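Take a look at these structures.
Two complexes, one shared chain (chain A), two partners (chain B, chain C).
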Partner chain A sequence: MSRLLEVLGLKTYFFMEAGIGKAVDGISFYIDEGEVFGLVGESGCGKSVTALSIMRLIPPPGRIVEGKVIFEGEDLLKKTSEEMRDIRGKKISMIFQEPMVALNPVYTIGFQIAEAIIVHYPDVSWDEAWERAVKMLERVGIPNPRRRAEEYPYQMSGGMRQRAMIAMAMINNPRLLIADEPTTALDVTIQAQILELMDELKREFKTSILFITHDLGVIAEVSDRVGVMYGGKIVEMGDVFSIFDEPLHPYTYGLLSSLPKLNEEGKNRLYAIPGVVPDLLAFPEGCRFRDRCSCAFLKCEDDPPMIEVKEGHWVSCWRYAEDV
Partner chain B sequence: MLAYIVRRLLILPFILIGVTFLVFFMMQFLDPVQRLAAYIKSPEELKNLSSEDIERLIKRYGLDRPLWVQYLEWVKKIVHLDLGWSEVAHQPVKDAILSRFPATLELALFAVFPVIWVGIWLGVISAVHRDRLLDQVIRVFAIIGWSLPSFVFGIFILFILYGVLGLFPPGRLSLWAQAVVSSQEFKSYTGLLVIDGILNGRFDVALDALRHLVGPIITLSYLWWAFILRITRSSMLEALNKEYITTARAKGVPERLVIHRHAKRNALIPVVTVAGMMVLGLLGGVVITETIFDYPGIGRLAATASQQLDYPLILGITLFYGFLLVVGNLIVDVLYAIIDPRVRLE
Partner chain C sequence: MGFSWVLKGLFKSPTSVLGVCLVLFFSIIALFAPWIAPPEYPDEPYLLPKAGWSAEPSPPSAEHPFGTTEGQYDIFYGIVWGARTAFKVGLITVGFSALIGIVVGSISGYFGGWVDEVIMRVTDIFMAFPFLVAAMVLTTILGKGLDKIMIALITFGWMGYARLIRGSFLAAKEELYVLAAKAIGVSDLSIIFKHILPNTIYPVIIQASMSMGSMVVSASALSFLGIGAPEGYADWGQMISYARNWIVGAPGDALKYWYTFFYPGGAIVLFVLGWNLLGDALRDILDPKLRGPRGAR
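Moving on, here comes the complex of A and B:
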């Protein structure tokens, strides 16, 4: 497998009056072709900002201050805005959490999908683009696609809208699909259908996926490899089995312990990580998790390095450093 | 879409009945003698009235009868467009309104389009350049327009355009053009002098009418233009923050289309309301501007009628404006439905 995307030391800061919010603070990861990389963490940990940074769609006062985003061997951060526009929706596309607000309420579904073709292939006629939109709607499992294409987003159910959203994202056969919490707003049964659809499409179109969610169950199901984010940093990264079977970082450990388990009797109260995620401006120096960590020691006041504990299994925690 | 319009049209008569109720209710604040004024049909009738005659007429028109009988009688009268005699205008109320309204309509038509186009255009620019120099300049200009009273700005404009430059006089027509319009050969097709002038092949008359419109148009435009701009700017800023804008950018839509296709269409919804209010406001007459520029529109007619307690005329204009409002709101609702599919299919 060859490397499709490599993010290197990416830093995206928000320059606010109250101070600098380090939403993404030096993260590195890669996605191979055909691979699903899951990015998991609580809300506000910088997952979505990471996704928008790759797309170069960070709204002000946010700005990418450092790092590289190597896509197909080229640094996206060095592209002109017109080159970048042509990549969006054609080679890298994105779906969002709330398909209701992510689709434009005043245009039909068919128009919004056809538009995604036209903006990249101006020679295609609207009629042909519309036909392709209808076919894609059919492919993502929307019944009556011809009629549905004429409908507006608010006329569809949440699951249908997310299918339409996926159709829009996949219409130009992108190399990378960024899915930002695509199932969070949906019912559990619909969630399963959407995940299955994404899995099918991934195989059919050979698309890599960056899957962002706070839901460990979803991550376990879809990902090949996983990155756990906390406070704008990736604290642990590895293949999905290593992360779930032998979590190394105290935060990952805490997350996994806070999942309800079916085989235990319901007497024990659910574990919760103590404390709350601090405000973006109020993270401690050094290890950002140390205030909430039960194993924190003096060394944690320094920035922990990324340590490869096992092949392909990385953790950012002083407990695994050899010479402490 | 058609079903929506038909549905709205079906409600229309009920609203109109509501309007007549309201006007009739307001009339009850007048005593029978004052209300009788609405039934006088000619000045001769008015001159020869003795107090016995008045008593007799009150009886005859049933102004002392139960309210619902009076209401039905009155409605019967207005259905036949019989609105009484206006002492102020020296003609029947119907004719007085119909002769002044084209002037107001002409002024409104010429003011509306530049105001809406420029207002939306600058509002969008302002929002896209938020907090940058261009935005600041536009906003300062808008605030001045919004806060300057029309009686100050109007006089200033009159002073510059007529007093200093001598180019754009007040009134509706010059004397010579008035003579042409009053003559037999000049046919009145629409009552709008610019259009009638062109239709009659008298381009000099059309041009003269246009020259007289410049002052009031500028005065009205500045105020409304500032208003439309502010609404467009704020709703545009709101639209640009929506997630579907991120979606549009994420699928590679060029920024020009993100603004003009994806954001503007959504941002226009509140603008339509304000623009509708504006058009109705302009059609109802703009008393101050018409007075400053000596423009014979319906606003000035209403003001004079009120000053001279010309009840038939006041009631007639109230009724007329009520109908105008109802029809205008219907048009605004239809425009809504065109822009926003959610309204259409509710």
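Moving on, here comes the complex of A and C:
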């Protein structure tokens, strides 16, 4: 397997009047071809900003300050905006958390999917684009696709719309699909269907996926490797089994402990990580988790390094440093 | 929500039916003017035919159903062809000022930042002039004529649309479907005019139909003041200006020359009323904030 995407030391800051919000502060990870990389973390930890940074769609006052996003051997951050526009939707596409509002209400589903083709392949005739849109709708499991293509978003349910979004994202056979909480707004049965569909499409089109979610159950289901984000940094990264079986970082450990367990008696209160996520503008110096960490010690006032504890399993915590 | 749905809404309340009827009525008059009042000089149909040289208006008669006004201009002819003038002035001024406003406002709202700042300050400068006075000065500078009036009205009439559409864009550009469109590689221009504009155009349509009336009133006012339509041109404002000396009537008979101001004045009132009622109706139908629960698509 070869590297498809490599993010190196990416920093995306938001320059606001109240101060600088370091939403993403020096994260590095990679995604291989055909791989699903899960990015997990609670709200506001910088997952979505990471995704938008890769797409170069950070809204002002945000700005990518530093780092590299190497996609197919080229740094996306060095591309012109025209080159970038050509990559979006063709080589990298994205699906969003809210299928209810991610489709334009005044155009039919078929129109929006066909447009995604025409934008990148102006030579394709409208009729052919429409045909391909209908085929893709059928592929993502929309019944009666020919009629559905002529319907407007409001005529569809949330699950249907997310399928349509996926069809739109996959229509140009992208190399990388960024899925920003694609199942969060859907109910559980639909979630399972959508996850299954994404898995099928991944195999069929050999697309890599960056899967962003706060749902550990979903992450365990779909990803090959996982990165755990906290306060704009990746605190732990490894393959899905080692993360779930032997979590190393106290935050990952805390997250896994706060999942309800089915086989336990209902007497125990659900564990919660103490404290709250610190304000974006006022992260503590050093390890950003140390205020909430039960095992923090003096050294944690310095920035912890990324340590490879086992092959492919990295953690950013002083507890695993050898020379403390 | 399609076109037929708007039509259905238009026929729900009596006031909107009245508005539609009035606008339709004037449209028919304007459309069939050559048949309703055949022009005496086919090359210049907007020139009012003169029935004589006496200054005093003469009352309605079989030959002149609405009578003649000062200078023996035929009032009936003036009303009929004046309807055409009114539509011409209304549609062109509203159309162009809306167009300018839409382009300026969408660019301002979409790009934001210093682009927005510059465009909006220029808009403020234009808004700082009192509308009618500014239009009057500009018409005087440009010279007499209906086209000059229209240029003046457009020059000082686009700011409302620009502000309106900018406001809608500020809200709409944050919508997820805009980000989704960017994420499939759609260009900025295409996002502005193809993706956001259809979602924000309704307030402009409402505003445009409301200002059809007021634009015609402003044009009439300029004509009334004598800096608009050329002498003898079929224009309601000008016809009222011809009535200026006769409004007080004659000693002992205040309403002696009632027909000189009644018909053109009535035409203007009904024309403006029609467009305002239509605009109100469109707002009730198209503005989701005013729409009742029953109206949901």
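Operating definition for what follows: the second predicted complex is superposed on the first by the 324 of 324 C-alpha atoms of A that agree within 3 Å, B and C clash if a C-alpha of one lies under 4 Å from a C-alpha of the other, contacts with A are read in each partner's own complex, and residues count from 1 in each chain.
Following the convention adopted for this analysis, a residue touches a chain if its C-beta (ideal position, glycine included) is under 8 Å from a C-beta of that chain, and two chains touch if they have at least 3 such contacts.
Since this is a predicted model, take the numbers as computed values, not measurements.
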Fit-or-clash call for chain B and chain C when the two complexes are aligned on chain A: clash
Contacts of A:Asn173 with chain B and chain C, given as first, second, both or neither: neither
Partner chain in contact with A:Asn104 - chain B first, chain C second, else both or neither: both
Touching both chain B and chain C, residues of chain A: 55, 57, 85-90, 93-94, 96, 98, 101-107, 115-116, 119-120, 154, 165, 168-169
Touching residues (chain side chain C, partner chain A) in the complex: 112-113, 175-177, 179-187, 190, 195, 198-199, 297
Residues of chain A that touch chain B when the two form their complex: 52, 55, 57, 85-90, 93-94, 96, 98, 101-108, 115-116, 119-120, 152, 154-155, 165, 168-169
Sites on chain B touched by chain A in the complex: 242-244, 246-255, 257, 262, 265-266, 339-342, 345
Touch list for chain A against partner chain C, complex: 55, 57, 60, 85-90, 93-94, 96, 98, 101-107, 115-116, 119-120, 154, 165, 168-169
